[in-house]
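Here the chain labels run A, B, C and D in written order, and each chain numbers its own residues starting at 1.
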Amino acid sequence: MDYTLRELMAIIAAREINNGDIVFCGTGISMVAAMAAKHMNAPESIIFFETGAIDSALEEIPMAVADPRVMYCAASNGGLLESFATMQNRITGERVIGILGAAQIDKFGNLNSTSIGDYIRPKTRFSGSGGACDVASFVPRCVIFMQHEKRKFPKTVDYLTSPGYLDGPGAREREGLMPGGPTAVVTNLALMRFDETTKEMYLANYYPGITPRKILDNMEFTVDISKATEAAPPTASELKVLREVVDPQRIIL
Amino acid sequence: MDVHADKVMTLAEAIRTYVKDGSHISIGGFTINRNPMAAVYETIRQGIKNLHVYAHSNGTGVDELIGGGCVGAIEIAYGGNGRAAPTCIRFKQAIQKGTVVHEDYSNYQMSLRFHAGAMGLPFLPTRSSLGTDIINKWGLSKEIREKDPKLANRKLVVMDNPFDGWADCKKVVLVPAINPDVTVLHVQKADRQGTSRILGLTFADVDQAKAAKNVIVTCEELVDAADLRSEPEYNQIPFIHVSAVVHVPYGAYPSSCYRYYDYDPAQLSDFAKAAKDDGTFKAYLDKFVYGVKDHQGLLDRIGKDRLEKIKADPRTGYATGLDRK
Amino acid sequence: MDVHADKVMTLAEAIRTYVKDGSHISIGGFTINRNPMAAVYETIRQGIKNLHVYAHSNGTGVDELIGGGCVGAIEIAYGGNGRAAPTCIRFKQAIQKGTVVHEDYSNYQMSLRFHAGAMGLPFLPTRSSLGTDIINKWGLSKEIREKDPKLANRKLVVMDNPFDGWADCKKVVLVPAINPDVTVLHVQKADRQGTSRILGLTFADVDQAKAAKNVIVTCEELVDAADLRSEPEYNQIPFIHVSAVVHVPYGAYPSSCYRYYDYDPAQLSDFAKAAKDDGTFKAYLDKFVYGVKDHQGLLDRIGKDRLEKIKADPRTGYATGLDRK
Amino acid sequence: MDYTLRELMAIIAAREINNGDIVFCGTGISMVAAMAAKHMNAPESIIFFETGAIDSALEEIPMAVADPRVMYCAASNGGLLESFATMQNRITGERVIGILGAAQIDKFGNLNSTSIGDYIRPKTRFSGSGGACDVASFVPRCVIFMQHEKRKFPKTVDYLTSPGYLDGPGAREREGLMPGGPTAVVTNLALMRFDETTKEMYLANYYPGITPRKILDNMEFTVDISKATEAAPPTASELKVLREVVDPQRIIL
């Protein structure tokens, strides 16, 4: 079965979404994953956007979370206050899963999407939080898309934009954050998860043809690889959804 | 001000009257949607400098304002523009070169700050960003803040929940209200007094307007008050908040305006390409901003065919099947 | 809960499932407009007791709930009903006799408390009521509050502005969030999943819904999701917040429902007369609540002619020229 | 010129409204006064209601602030949060004049609309604040409708629902309230105002046929009557507005 790496990553992430989940997603591959899940394992999941659109039909794939394509046939089109309240409010927030990306991630799943180097005069500036810090602060489960490179998996992030488990067990509670934190990191090489007790990242599944060794070589910190197994490749039906339903124009993939 | 007055004026006049060097400003829309681009271009054309910009995710407009040399400082949540620019290029360069003072918040925090301003409150609480560098790292020093009466004395305040754990909450972050000197919005419909109707997502536009000392509304359609007043529940901004009304068809171009036109992927990527280099960016500004008299001049350079391509499909509100590669 | 599920059920079932003895509840509408009266009557009919009610100005419904013996405690801003009853009569008597525990806030404070609940915040600030007895006099003692996990430990908290005078503000009052067990609303249109559209003023309905653990929506019209989704910006409540949907034409009667029917001045003043005396009020309840099977039964007793008289004029949304003396 | 007392009171109050004012009004006679002003001295005044309707056409007189008649042809129909924000927000709030009523008022213009006697177990219970406390807290000018009776003008109110000048000069500022307070009290006998320095109520105008003595006899506290003059009676055109334009059905008057 032939597939691209981006297709594999989208499907690995889609599998993290449970039926009935309310899915917060951003642009690009995270939107592809969320849309794919609705046609695969989570037909009753609900996609919503920080811009205020809830349960959009997504007849065409949006290029941004403010793309008019997110408005079409939604249950409701509100604004930013409404969408973030949906996550901060425990009644609905408990059912939200967030999909995020970042420039850096540390072993506790803390994310940097702001800058590299000094904050005031950075070596490299990125977009900044957007809604990412809010999502990571509010929701119980998050999937993170990352590129597996040493500089992107540093011992400590240059700027902590979005909270993971901060400095370990109990830290979120201590700081006053809601329970939660990242549950999966989907990279170009593997699926990483976090240990329930230590809150540290570990290798869950390596992609076909990728060795755990190669994965460790692409991180500044080491992780437990003892539980690692090979990831199940995309099925024909999963790929059909991606290619024919979700992104036939190949705008993202 | 007689709030019932006819507030219709030219865009040049509206910008000249309400946007000054050093003004604290916010613009409406979100990334590639309903940015008040005609007003942004006119601001650049008038050579206004040293603006203090408050932004959640106003990518298209903010990046042009920075590129046009209008911005001195920015409080911002997101300097990206969707697939058109993962990180806005002039924004990125300005911060890396240190030419623009910047301070980071989250999108929800910026929305709450406008909401607080609209409500007449000094701050609003949130449970976002506890334990992060958004709390720890300030772009505007306490010294700068204490000097400028237009700035709160603190970026934010972390406080214990005085209702002892009520709502399962131990701590909150208080973020200070924003009351811009002027907010500029592009809406689908407005009347001559300024009552405005936005179709589709409102983003944070309504609070941005109500928080501002002056509001400039540019609109696709200038309509009779009676048209809007037949369904008052759909007019998010009553005229009492508005200072100037300008009729500017395609006023959000190249960003989209729901039910009127889509974003122009070609123009957005041309901008992104031009932005990469000072020389090519100057050429871009010369062609589309300095080289034209007004927004119609820019639209003429884009041409009827391309505007035709992005015309909204009445069924979906966007240009169904538009080539966006 | 599968939030996509078909949530349509009978009113009797909805009330039995979500409104229990001792439940903390809020109802939608304001004075003589869009109170969920069918649900209120069904609650009385089912003999539900000891409700803890959160109300801004829900005159028509709250006075019936109190008169029907359903209310044990009430946190309220306004126990009046416009010209129909400057002070609601059963409310007045219950408080003077001490049969209902009560605590007073202002309308804005109650609105902010629902807003805080909807936002998932423990409290929101306001500049209202400083120096008044709303601050000083508590109806729910600290002891009662500490015993009941459903109540905040304080009525409110007065706090200095931590941003040192920012927004010309020295002090604020923090009011605690409300998260009712159930909120009951009557809306003009809803679909089977619960997505709801309110026409005209929304009062505090949307926050009351989003703050509640369960929401019962009664609607004039039960419509296809597609009808509502063709204009999503006009659907204030998405289905994810709703637990039960009940189709009840005239469900707000005798209060009004904008664009459908006006309030019934005759019925409102008959209620006000009957409410003055326990005997006449019992007779009123026997006739219109206990003596009928459901809301249709009440409407049958009112009769077609009177319902015809209050039918909304399509031009104005109310019964133009209705005799309201 | 023949007129009723209620007509006189409505007109006296209407004269307090300046052109361009944003007028917060409740039900009954306050609504009549606000509507009359639009056809008399303040054609550009804007009537709004705590329920969220702004600049309503008021083709028919509403029986309550939630009457659907307030929604017709308004500039905007929002909700409670929007209407109170219009007053708490200094940008618009500075231009608002409130019209309120109460069961008791003291010499500093503090209002009681909650209860007489003990708060928990009152002798008489009234409606409570509604939006009155909010309006009195936020806006720079208020007109108060009162019945002139001893028990309604007590030395101290049983429950301070809506703040006037509290205990005198500087008290609002000390408590953290915005500048403001009542500017006129329109009763069945007279128009009372408040001294700029002492913040104490004084008699400004007594109605034709009413003596200052009679007014003092109907108050528990005494007020300065030295500046008092007779109120100008309603003009023919003012009465015409009331009777033919504002309340032809005589619903309120």
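The rule we apply is simple: a contact is a pair of C-beta atoms (placed from the backbone, for glycine too) under 8 Å apart; a residue touches a chain by one contact, two chains touch by 3 or more.
Just so it is clear, the structure is predicted and the values come from calculations on it, not from any experiment.
When the C-beta pairs in contact are tallied for C-D and for A-C, the bigger tally goes to C-D. Each chain gets one centre point, the mean of its Cα atoms, and the points for chain A and chain B are 27 Å apart.
Put simply, the C-alpha centre of chain B and that of chain D have 40 angstrom between them. Each of the following residues of chain A touches two or more other chains: 53, 71, 77-78, 81, 88, 90, 138.
The set of chain B residues that touch two or more partner chains comprises 117, 120-121, 126-127, 167, 169, 172, 179, 200-202, 233.
Contact topology of the protein chains: irregular, matching none of line, ring, star or complete.
Taken pair by pair, the chains that touch are A-B, A-C, B-C, B-D, C-D.
On the chain A side of its complex with chain B, the touching residues are 27-28, 50-53, 59-60, 62-72, 77-81, 84, 88, 90, 114-115, 119-134, 137-138, 159-163, 166, 171-173, 175-178, 249-252.
Contacts from chain C toward chain B in the complex involve residues 116-117, 120-127, 152-154, 157, 159, 161-164, 166-167, 169, 172, 174, 176-177, 179, 199-202, 233-234.
The touching residues of chain B, counted against chain A in their complex, run 29-34, 56-57, 76-84, 86-88, 91-92, 95-96, 98, 104-109, 111-112, 115, 126-134, 136-137, 139, 158, 167-172, 200-207, 256, 258, 262-263, 265, 312, 316-318, 320-321, 324-325. If you check the complex, the residues on chain B that touch chain D are 2-4, 117-121, 179, 193, 195, 210-213, 225-226, 228-230, 232-233, 235-241. Within the complex formed with chain C, the residues of chain A that make contact are 20, 22, 44, 46, 53-55, 57, 71, 73-78, 81, 85-93, 138.
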